[in-house]
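Presented below are the structures under discussion, each in the form of structure tokens.
In what follows, chain A forms one complex with chain B and a second complex with chain C.
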Partner chain A sequence: MWVYEKKLQYPVKVSKCDVRMAKYLAEQYGGADGELAAALRYLNQRYTIPDKVIGLLTDIGTEEFAHLEMIATMIYKLTKDASPQELEAAGLGPHYVSHDSALFYNNAAGVPWTAAYIQAKGDPLADLYEDIAAEEKARATYQWLIDMTDDVDLQDSLKFLREREIVHAMRFKEAVEIIKADREQQKIY
Partner chain B sequence: MNNQIRSWQPFRSPLDPCPPILVKTYVVPPNQYMVFQPMNLPQFPLAEALRAGTLWPALYSPYEPRSRKGEPQ
Partner chain C sequence: MTTTLDEQYYSSLLELQQLDFALVELTLFLDTHPNDMQALQQFNQLAQQRQQCAHAFELRYGPLLQFGHSYSKFPWQWSQSPWPWQV
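And now, the complex of A and B:
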């Protein structure tokens, strides 16, 4: 079970009325390497991974939901006061037709999220290497998102999220070392 | 004024980046209040029924384009 704290992991402040950014931020909301994909990937893989790294997947998967909530806040703040015409001007006309200004799990190009984005192979190394790759791809996505805005407050939140991807990748790499560890151990009988 | 329109006021933060939409609206069409359609309801004249999309004024739900920002709802 989870315990919910009704606050964001890190503050989200959006200072520039730039509806266009909402469309791009969707990549981290419902994209292949977005926060939803990350959370569901880790929280599902953890059942069939060796005991020593289950807790890591639980913790990181949970944090990804906290990140998802931050991304949702950014998108909501940027779209909630936009008219249909303003949404259309920002490239969100097709989104408006399908969802009004509701959030939806699709990527920046409007492609809906699919479970085909994630994998659970049951092999601890295959799963952990996928997780590392996902973190690095998410880090890159955050970099390109930071490049697309000049709102320093939005950049600040995005920089926090980018840094967390780096830390997560490090933790997953350590988990790989834990999985490999037996090879180095001298067995004395 | 269309009495099928409901309105509510979403939370407004002083830090919101865009000029606010203070009131949001949605439509509750008359079928929501009709469990089984009663017999012998009054009917539109045929030409008007064709234009309205229904024979019965009791089921008619008009919809006007959402006003642009700044204009009255």
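And now, the complex of A and C:
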């Protein structure tokens, strides 16, 4: 069961309409290492991971949905006053003819999200190493996004999300150690 | 928008977001450090503080949660704007 909370995890402010940035931010919305992929990856892996790590996957997976909502808010605010001409000028003409200004799960290049972006191997270490890699890739993407804008309000929210990737990767690395220690203990008995 | 948003709204919201941020951090930390007594004490203390802060926020600006986790005044407040991306 999930319960929605009617607030963002962290404030999202933008200082101007910027369709170009909205197009790039789609990478974290419907891209391979974006927030949707992250949430679905972790929540799906929960069912076959050792009990000691289920809580962590549940909580990080849930937090990813809060991040997805922050990215959606950025894209929404950056495009809500844009005309079709402005969308087209920023390379979102094809998006407009299919979606108007609706959000859609695709990456910065317009490629729709696919389950092929995520994995579930059933092997706990293989799954956790994938999760760590995904967090590191998302962190790098946030850095490139921060570098692409001079909007300090937008940068502030993106920096928050970049830091969350670092913390998640750290927690996943600890989960790897927990599983390794558990295996060692089982060998003794 | 049915609720008029004042300066107070943004500062109350920020206060709640700050408390919740600490609680998210402590939750993830405790997931991998279940025997850390100090972190656990901090968690329980902040959870109590959070409850009071959220209650005060809801009295003024309406329910944060639904499916019965928040109360509502008449008429039904939950479906009223603004939604998080509209503020």
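FYI, the second predicted complex is superposed on the first by the 181 of 189 C-alpha atoms of A that agree within 3 Å, B and C clash if a C-alpha of one lies under 4 Å from a C-alpha of the other, contacts with A are read in each partner's own complex, and residues count from 1 in each chain.
Note that a residue touches a chain if its C-beta (ideal position, glycine included) is under 8 Å from a C-beta of that chain, and two chains touch if they have at least 3 such contacts.
Just so we're clear, the structure is a prediction, and the values are computed from it rather than from any experiment.
J.: In the overlaid three-chain picture, which partner chain does A:Y10 touch, first (chain B) or second (chain C), both, or neither?
T.: second
J.: Of the two partner chains, chain B (first) and chain C (second), which one does A:I60 touch, if any: first, second, both, or neither?
T.: second
J.: Which partner does A:K77 contact after superposing on A: first (chain B), second (chain C), both, neither?
T.: both
J.: Taking the superposition as given, does A:D18 touch the first partner, chain B, the second, chain C, both, or neither?
T.: first
J.: So, does A:S98 touch the first partner chain B, the second partner chain C, both, or neither?
T.: Neither partner.
J.: Who wins on chain A residues touched, chain B or chain C?
T.: C
J.: Shared contact residues on chain A for chain B and chain C?
T.: 77
J.: Would you mind writing out the residues of chain B in touch with chain A in their complex?
T.: 10, 13, 15-21, 66, 68-69
J.: Once bound in the complex, which stretches of chain C touch chain A?
T.: Chain C reaches chain A through residues 10, 13-14, 16-17, 20-21, 24-25, 27-29, 31-33, 62-67, 69, 78, 83-85.
J.: For chain A, which residues count as touching chain C in their complex?
T.: 3-12, 55-56, 59-60, 63, 69, 72-73, 76-77, 167-168, 171, 174-175, 178
J.: Which of the residues in chain A end up touching chain B in this complex?
T.: Chain A reaches chain B through residues 13-19, 77-78, 80-86, 151.
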